[in-house]
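In the two assemblies presented below, chain A is common to both, partnered first by chain B and then by chain C.
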Partner chain A sequence: MRQAGAYSGLLCGGVSGRTGPHSLPLARIKKIMKKSGEDVKMISGEAPIIFSKACELFIQELTRRSWIMAIQGKRRTLHKEDLASAVIATDIFDFLITLVSNSDSHETTSAIMEVETVDFS
Partner chain B sequence: MEPMDIVGKAKEDASLPKATMTKIIKEMLPPDVRVARDAQDLLIECCVEFINLVSSESNEVCNKEERRTIAPEHVLKALGVLGFGEYIEEVYAAYEQHKLETMQDSLKGAKWSNRAEMTEEEALAEQQRMFAEARARMNGGAITSKQPEADQSLES
Partner chain C sequence: MVDNIGGSSSNAENSGMKEQDRLLPIANVGRIMKQILPPNAKISKESKETMQECVSEFISFVTSEASEKCRRERRKTVNGDDICWALASLGFDDYAEPLRRYLHRYRELEIDRSTNQDRGNSPPTRGGEGS
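And then the complex of A and B:
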């Protein structure tokens, strides 16, 4: 059943009047998906909707874990190093290790070397 | 493949809106906790990387099932494969919710359509059908990986 185009104003969060959940823009998500690899297949209109929520959960989890690191450092401000520490401490975030260690700062590199693996399970 | 496609795919081009991301981040934290600007930027980059990762895996899943289009169930399966299985239930619920809201919106916007496709009664009946379908899917539990398009409707 064909609905109003997935990327029309109707569906991109906010126009429906919901102020709670914040939707990431579907068109942008689709763009990133298309660039993710060499031979990306056609993407159904509904797939970005799945991503929108998944990204939200991902950001929430990464934020929460980073914040725990900041607390351990007795700080109330989240820094890049906290992100790096959280990534190292979490198996499923392994794909981010290069990204957080390439964040050029010297402190990040030493943070990576000093931090022990924390088990959150 | 065009030569231009191979030359540096600037992944920096497509990013996610900072304002929306900031809201999501801040909602996770107590009001007095702040986020350094470079940490915010890095979080956004991580999210883009997450999309890349899951997209690649979704593409794989789609390939293995010999389908031509990446569908929601491929993404859900990819999440499971990559260790983000905990997200699946909530993501699927949000997806179903979104579909219902979409249908309500398009029912409201029916005046835009030139052809009267459905009477209001038919539209309401369709809405009930989709609610039931969504409920059945949620209660059904596991999402099977092989789900040919034909099975999506309840007519059987």
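And then the complex of A and C:
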């Protein structure tokens, strides 16, 4: 898979140059895409590149929201429960609810109770 | 097909896919998380692992939506526009616009690069071919 060397710094902003133009491995992204469904047949070269950026934005957003939860719990260490709380509090992350609830449903239940006081708007 | 990548990391029964293949590397994921947090913040290993799972789920979720659109339109190849469309369709409007600009810029550079090659100019030094 071709690495796009010409794109270093292209809208990358704070992305570390040490890891190369993209912070996430394109071939791995492509593998995950292929496994997402039977009708995913062909993937254009640009799709993993777009995803690399999209995943970065996703990680940043979920991390930021989780951090708010940690702060509310007066902690400076991000824990799994903080991610669970952030997921529950954010509509567009509904697709992750099962994922974060799978283990530790006790923690998630308390997270659901806490989350009602948070206003993200 | 795989519809549940959730659960603890010991669950390796996902269509024979090894754990390292279905997740993005924890180092990369952790680095992106760290960059957005204050300098004194700490990140538990478990939350990085959870984030890995969430990202893979995100990729699958968006790809399924994009590929469904291709299926409806009888196209075989999922391209960058489909990804941008799927993101907007699934509520990630904030990502869709910057990514569309990123995609168009990428395409412009691609055209430049292949035009230069046709003329026999050597392109700027690139990184290795990758995996």
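What we mean here is this: the second predicted complex is superposed on the first by the 94 of 121 C-alpha atoms of A that agree within 3 Å, B and C clash if a C-alpha of one lies under 4 Å from a C-alpha of the other, contacts with A are read in each partner's own complex, and residues count from 1 in each chain.
Note that a contact is a pair of C-beta atoms (placed from the backbone, for glycine too) under 8 Å apart; a residue touches a chain by one contact, two chains touch by 3 or more.
In this text the structure is predicted, and so the values were computed from the model without any measurement.
Novice: Since both structures carry chain A, what do chain B and chain C do when superposed there: clash or fit?
Specialist: clash
Novice: Counting only touches as set out at the top, which of chain B and chain C does A:K35 meet: first, second, both, neither?
Specialist: both
Novice: Go through the superposed model and pick first if A:K74 touches only chain B, second if only chain C, both, or neither.
Specialist: Neither partner.
Novice: Using the superposition on chain A described above, determine whether A:F51 touches chain B (first), chain C (second), both, or neither.
Specialist: A:F51 sits against chain B and chain C alike.
Novice: Could you tell me if A:L96 is touching chain B, chain C, both of them or neither one (first, second, both, neither)?
Specialist: both
Novice: In the superposed arrangement, does A:L26 touch chain B (first), chain C (second), both or neither?
Specialist: second
Novice: On chain A, what residues does chain B touch that chain C touches as well?
Specialist: The overlap between the chain B and chain C interfaces on chain A comprises residues 1, 3-4, 10-11, 16, 21, 23-25, 28-29, 31-33, 35-44, 46-47, 49-51, 53-60, 62-64, 66-67, 70, 76-80, 82-83, 87, 91-92, 95-96, 99-100, 103.
Novice: For a test of understanding, state which residues of chain A touch chain C in their complex under the given definition.
Specialist: Touching chain C from chain A are residues 1-7, 10-11, 14, 16, 19-21, 23-29, 31-33, 35-44, 46-47, 49-51, 53-64, 66-67, 70, 76-80, 82-84, 87, 91-92, 95-96, 98-103.
Novice: Give the list of chain A residues in touch with chain B in this complex.
Specialist: Residue positions touching the partner: 1, 3-4, 10-11, 13, 16, 21-25, 28-29, 31-33, 35-44, 46-47, 49-60, 62-64, 66-67, 70, 76-80, 82-83, 87, 91-92, 95-96, 99-100, 103, 105.
Novice: Contact residues on chain B for chain A in the complex?
Specialist: Residues of chain B touching chain A: 1, 9, 11, 13-17, 20-21, 23-25, 28-29, 32-36, 38-39, 42-43, 45-56, 58-59, 62-63, 67-72, 74-76, 79, 82-84, 87, 90-92, 94-95, 98-99, 101-103, 105-106, 109, 126.
Novice: Per the contact definition, I'd like the list of chain C residues that touch chain A in the complex.
Specialist: Against chain A, chain C makes touches at 1-2, 4-8, 14-15, 17, 21-22, 24-25, 28-29, 31-33, 35-37, 40-44, 46-47, 49-51, 53-64, 67-68, 70-71, 76-80, 82-84, 87, 90-92, 94-95, 98-99, 101-103, 105-107, 109-110, 113, 123-131.
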